[in-house]
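Structure in structure tokens, see below.
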Amino acid sequence: MKFEHENSYEVQDKIRQFRAAILPIGAVEAHGPHLPLGTDNLLAERLADKLAARTDSFVLPVLPYGQVWSLRNFPGSINVSNEALIRLLADIGESLYQQGFHIFTMVNGHLGNAVALKEAARVLYERVPELKVFYFFYPGTKEITAQVRESSAAHGTYMHADEIETSYMLYLAGEYVDMSKAIDGAPRITAEADCTPTPWEEITSSAVLGDATLATREKGEKIIERSLDVMAEMLLRTKRALEDGDHQDSTD
Amino acid sequence: MKFEHENSYEVQDKIRQFRAAILPIGAVEAHGPHLPLGTDNLLAERLADKLAARTDSFVLPVLPYGQVWSLRNFPGSINVSNEALIRLLADIGESLYQQGFHIFTMVNGHLGNAVALKEAARVLYERVPELKVFYFFYPGTKEITAQVRESSAAHGTYMHADEIETSYMLYLAGEYVDMSKAIDGAPRITAEADCTPTPWEEITSSAVLGDATLATREKGEKIIERSLDVMAEMLLRTKRALEDGDHQDSTD
Amino acid sequence: MKFEHENSYEVQDKIRQFRAAILPIGAVEAHGPHLPLGTDNLLAERLADKLAARTDSFVLPVLPYGQVWSLRNFPGSINVSNEALIRLLADIGESLYQQGFHIFTMVNGHLGNAVALKEAARVLYERVPELKVFYFFYPGTKEITAQVRESSAAHGTYMHADEIETSYMLYLAGEYVDMSKAIDGAPRITAEADCTPTPWEEITSSAVLGDATLATREKGEKIIERSLDVMAEMLLRTKRALEDGDHQDSTD
Amino acid sequence: MKFEHENSYEVQDKIRQFRAAILPIGAVEAHGPHLPLGTDNLLAERLADKLAARTDSFVLPVLPYGQVWSLRNFPGSINVSNEALIRLLADIGESLYQQGFHIFTMVNGHLGNAVALKEAARVLYERVPELKVFYFFYPGTKEITAQVRESSAAHGTYMHADEIETSYMLYLAGEYVDMSKAIDGAPRITAEADCTPTPWEEITSSAVLGDATLATREKGEKIIERSLDVMAEMLLRTKRALEDGDHQDSTD
Amino acid sequence: MKFEHENSYEVQDKIRQFRAAILPIGAVEAHGPHLPLGTDNLLAERLADKLAARTDSFVLPVLPYGQVWSLRNFPGSINVSNEALIRLLADIGESLYQQGFHIFTMVNGHLGNAVALKEAARVLYERVPELKVFYFFYPGTKEITAQVRESSAAHGTYMHADEIETSYMLYLAGEYVDMSKAIDGAPRITAEADCTPTPWEEITSSAVLGDATLATREKGEKIIERSLDVMAEMLLRTKRALEDGDHQDSTD
Amino acid sequence: MKFEHENSYEVQDKIRQFRAAILPIGAVEAHGPHLPLGTDNLLAERLADKLAARTDSFVLPVLPYGQVWSLRNFPGSINVSNEALIRLLADIGESLYQQGFHIFTMVNGHLGNAVALKEAARVLYERVPELKVFYFFYPGTKEITAQVRESSAAHGTYMHADEIETSYMLYLAGEYVDMSKAIDGAPRITAEADCTPTPWEEITSSAVLGDATLATREKGEKIIERSLDVMAEMLLRTKRALEDGDHQDSTD
């Protein structure tokens, strides 16, 4: 399923057959003492692998640099601009379309990338309207997460190096987690943080936005598998619609 | 040495100690029947690992998308624009500098990226003049390559999926090479190809610009090791100069 | 409080005294049969007036064009790009800072503008770091809205021409609402709509994302006043901090 | 005639009938002691209203921010760049065309916007060639102004807060003029001011480029009505041509 | 005085002495049957030479490509965008400043360049505020032209291949004029042409906006010499001010 | 053959007949004590003239400003950015195509322009695919140069003010060369100079990258004439192909 392991001679037929390419996108970013800087890359990549296996899609190499404005001043974070990301993603999408792909799925492991992904998808909607573009950031997990979590969420949208993300890692890339170093981050997120540019050093010194000690592999598995169901369902429905279109064409 | 496996709590001291970050850059691109699409990524990444080991540097995650204008119409190639690349690389370099790095080394596995890398380095030269930026595409290998090669070079500058690049792969990532499929590409490169935009489908149908069947692990090792010597020497000299500067400061 | 009614001779002293400028931002956009195209402009402007009265701030003229991608194909919508908006807003903010303002508050009446406002605020964070920038889209209203609403929300984030927004209008600009035309929109928002570019003609024919017939002036008043409390508190705290800084300076 | 007071359900038929949208564009800018900062917005808006009444056109909400380079350092001025304006105006024009408009008329109240308006019109000329775009800055008033004025013009092109512009205000928005504060500005405009970047603080301290005390409502009326004749004639001729085209099509 | 004939070893002292660089800017553009396509380049270059001789300035090589939107569809015209011009001119100005120049004078032979020149001058005003930038398009010639001309002007601002411009050519570059082919252009310029994008094929088939047969060398000489007086006076005054500044510095 | 000496009335037929336009591109740049700053402009222009004579092409006016990053700090150099150049060149090419040209040949006299020329050619390849674009920097001279030269080359790619370039000047523009000042530059070009941004003041104080005293008119003639053969052959072959296409069309 790894696109870059294919060779040029054999790949064309497979593109025609698979039609769908999955791009994992992450970031290099501080994730506290118990998770590696590459956490979002690992999550995006492994999630993409699982999604590909369920949907007969190609997995592209992970794009490992993301928009890390909020945590850019924490040790180890590497930040790139929305503009650079949007341009690169739109280029990749257009190139995939020219290669014969009809579905371009971005599996995002880092919330800070969300704006760039949505914007790139809209750029592609104009430029190559026949390419179906998805941008996924753990879709369909709101309810299951509420059921599973033991600590309360630090914020309505952010989730970072906490009970939930650490559980994801324990399920998808447990060999990179050191639970002996996990802490309860206890951030102080003021209402202002949603209304004015707020580097996260103002709200946390650890970058752990919650209680990572409560993370378990099982919690991660439950949420991730639910999200995989949701993503796979959307992809497979789109593939079937494409096939129906083909069938339609051939019987006209 | 893998930067993304570090965690935020411990990485700051190591950045101060290492001072140098190495970014491997490749591409997803057609490389004939015997080499995978990700050849340039594999080469860049493994070369970066070796260089890091010799110079006490961090290796950043590989940037796996490159400018593939010439081969963009070959099955499996993914092309991104110089502009997207330049912007992304300049962002990464600036962010590294803010993290405390003093040396930013780009190890390039794909010739098509050369313009973007040099331009990004010049952007950084203005923006963060204290950051030393290297862009390496197998430097110092001209003579040793001439000695080692059995087939003549198809072109003065280009080298692609041929005796030489295949030898690199045999040395650095042999498990991805299928020599049973290697061919003699025999391209017809006209003088015009250097003077007018020329997609490579006009000069080759295989994307193999030479005789890949002559490739051996030994040839690859000789050239790669020579290049590593050259790169390591430049990096280490720069590191020593930085240390001398520190010493100077502390004795003033 | 209307900045554009001031004259150049007298305004300088008032800028020194007020320090804060409020920019209402809306859009021209389809809002169903019962609300005018300029709904978001009216809301932003009247909300800004109330906020200014509570905080001794200037109100700038409303910026009446916004990013209306989702509804751009509905009759009467006018859409401008994020890029145009970001550039304009950053220019306005920089100019205000050069005029002597220390607080730039954007009161947003249209959710589609949220990305541009946040991005413009970050641009200004780099360009004129001493300017405090707020971007407000009805902050602090989550709980009160849940209490007040009778119909369930059509979507986790979107709110458009429904029970809630219509209530806002009844409270802030009731003379522009024709409740006799209000309808229950009943949109069909699929999970996909959050994961792929989805023009709203795919989910609604009326642009009314909920049951507008349930709107009342009282509901609007409750939510809007709560939001005004939250916004005013943030602004006044920032103003006090500036004054403390002044006092500090003068006693040093 | 106010577009933003229409609702989405009824507006489509009216667009088909009117075909023409008028965008007033002004600025927030120092206009001496007797005129408000929003003078150019008031003029543009009221002029647009009168033009719409004569030509059965829609009036869009005023765009109240303009390029104010020359007076940007005067108290109360807000300056935005040509680039931001051009982009925004081109977006608005393209969106209007997609809504079914065939004529996009920009009524400009601020000379500093002239470059951006002309450039935006040329951008639209390429992008949507079927959209007729007008940019009006008091066209056809040269002779009548020469007849009416008592003081001599301070400059060949500039007119600012002087006898003429104050007369416009007395006619169109007299309630915002305080003639008791009107002064004779007597600027010293050197020949150099047309040949090198010259902020107006170098040529005037009042921003009044002439003798505002000579302004009268009657002078304003004469010039403004002449200009309205000229603008209305151009618009109506264009509308008739469109209708002839329709008739032509329907009889073919 | 020709900068490009200097050599690098000797030029530095002369830059210190002259301080001023003059850049002629023209265009390749249709100028009727009697004038060559390069008319504006010839005028700009020869005018620059004369100005340099009077002011001890360097003349840079002519920039021979300009914004020719209006005549771009006439045979022989070459059109470049304002954006390309602005960027190039700002780069040249910045580079001159870094070389030690303090005055950058653009002598423009083509009205269509005026917007780009003024905008570039404003960019430089921010970027290198110590560089004095002039943009000249025959300044100070309004009155003398009115006296000299026999035919009436076709337009308030435009002057093209007519009595006046042809007279300039007869004076400055007579060897390129073929008066036997001169015609009376008699354009029909409507009022609309100033209010909507109007390619000149709509107003003229010859590109001659007036009666070229009335042109004489003497008329050209009178106007050009007057303009030279005006330009030289501004430059010399600026140079004296710089020298006074130096003197000031050395006696402090 | 000089395009700018043509007039608009007669040029259209000649464009149809010639079909090819040649743009000489140079730079203003330090070239040591014996060569003028405008060396690259002189070379490009004279080479273009000779090529035009052999191929029945038009010569456009020289574009005399180039990318001079490496030598920008040497007295007399004027540097413009790649971005400005690319944009300008793409505009020129597009305009030529609209004028009826089918071949756009850039004759480059300055190596620093090479990246911009190639990039502009690729932009045009997308924008006006039917326009054939050549970028020439002394093509086909590798072998003859190796035969002719007496001193060894200072660098694999660079050639500047040395035996070779001075020989070019002696052949093409000898009246601007002062051989009495020619020196042996003896630069110290380290391996690093190809791997990190390196202003040339770090490798030479004279800007003469070789032994200019060995230059002769004969050497220049041999290399230049060889290059002219190569360029003319490519152009003429392209012209014949166009004519065959016409013939084909007319007999269909």
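Every chain is named by a letter (A, B, C, D, E and F) in the order it is written, and numbering of its residues begins at 1.
The working rule: a contact is a pair of C-beta atoms (placed from the backbone, for glycine too) under 8 Å apart; a residue touches a chain by one contact, two chains touch by 3 or more.
Everything numeric in this text was worked out from a predicted model, so none of it was measured.
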item: Intersection of the contact lists for chain C and chain D; value: none
item: Given chain B and chain F, the chains that contact each of them; value: none
item: Superposition rotation for chain E onto chain F, Cα-based, multiple of 5°; value: 180
item: A-B or A-C, whichever has more C-beta pairs in contact; value: A-B
item: Far-end chain from chain B, centres as C-alpha averages; value: D
item: Mean-CA-position distance for chain C and chain A (Å); value: 30
item: Separation of mean Cα positions, chain F and chain A [Å, integer]; value: 49
item: Where chain C and chain F are represented by their mean Cα positions, the distance between them in whole Å; value: 56
item: Junction residues of chain D - those touching two or more other chains; value: none
item: Going from chain E towards chain F, every chain in order around the ring; value: E, F, B, A, C, D
item: Of all residues in chain A, those that touch chain B in their complex; value: 2-12, 15, 28, 30-38, 41, 60-65, 68, 72-81, 83-85, 87-88, 91-92, 95-96, 98-99, 176, 178, 181, 207
item: Chain B partner contacts - residues on chain F that touch it in the complex; value: 69, 82, 115, 118-119, 121-122, 125, 132-136, 139-140, 142, 156, 191-192, 194-197, 230, 234
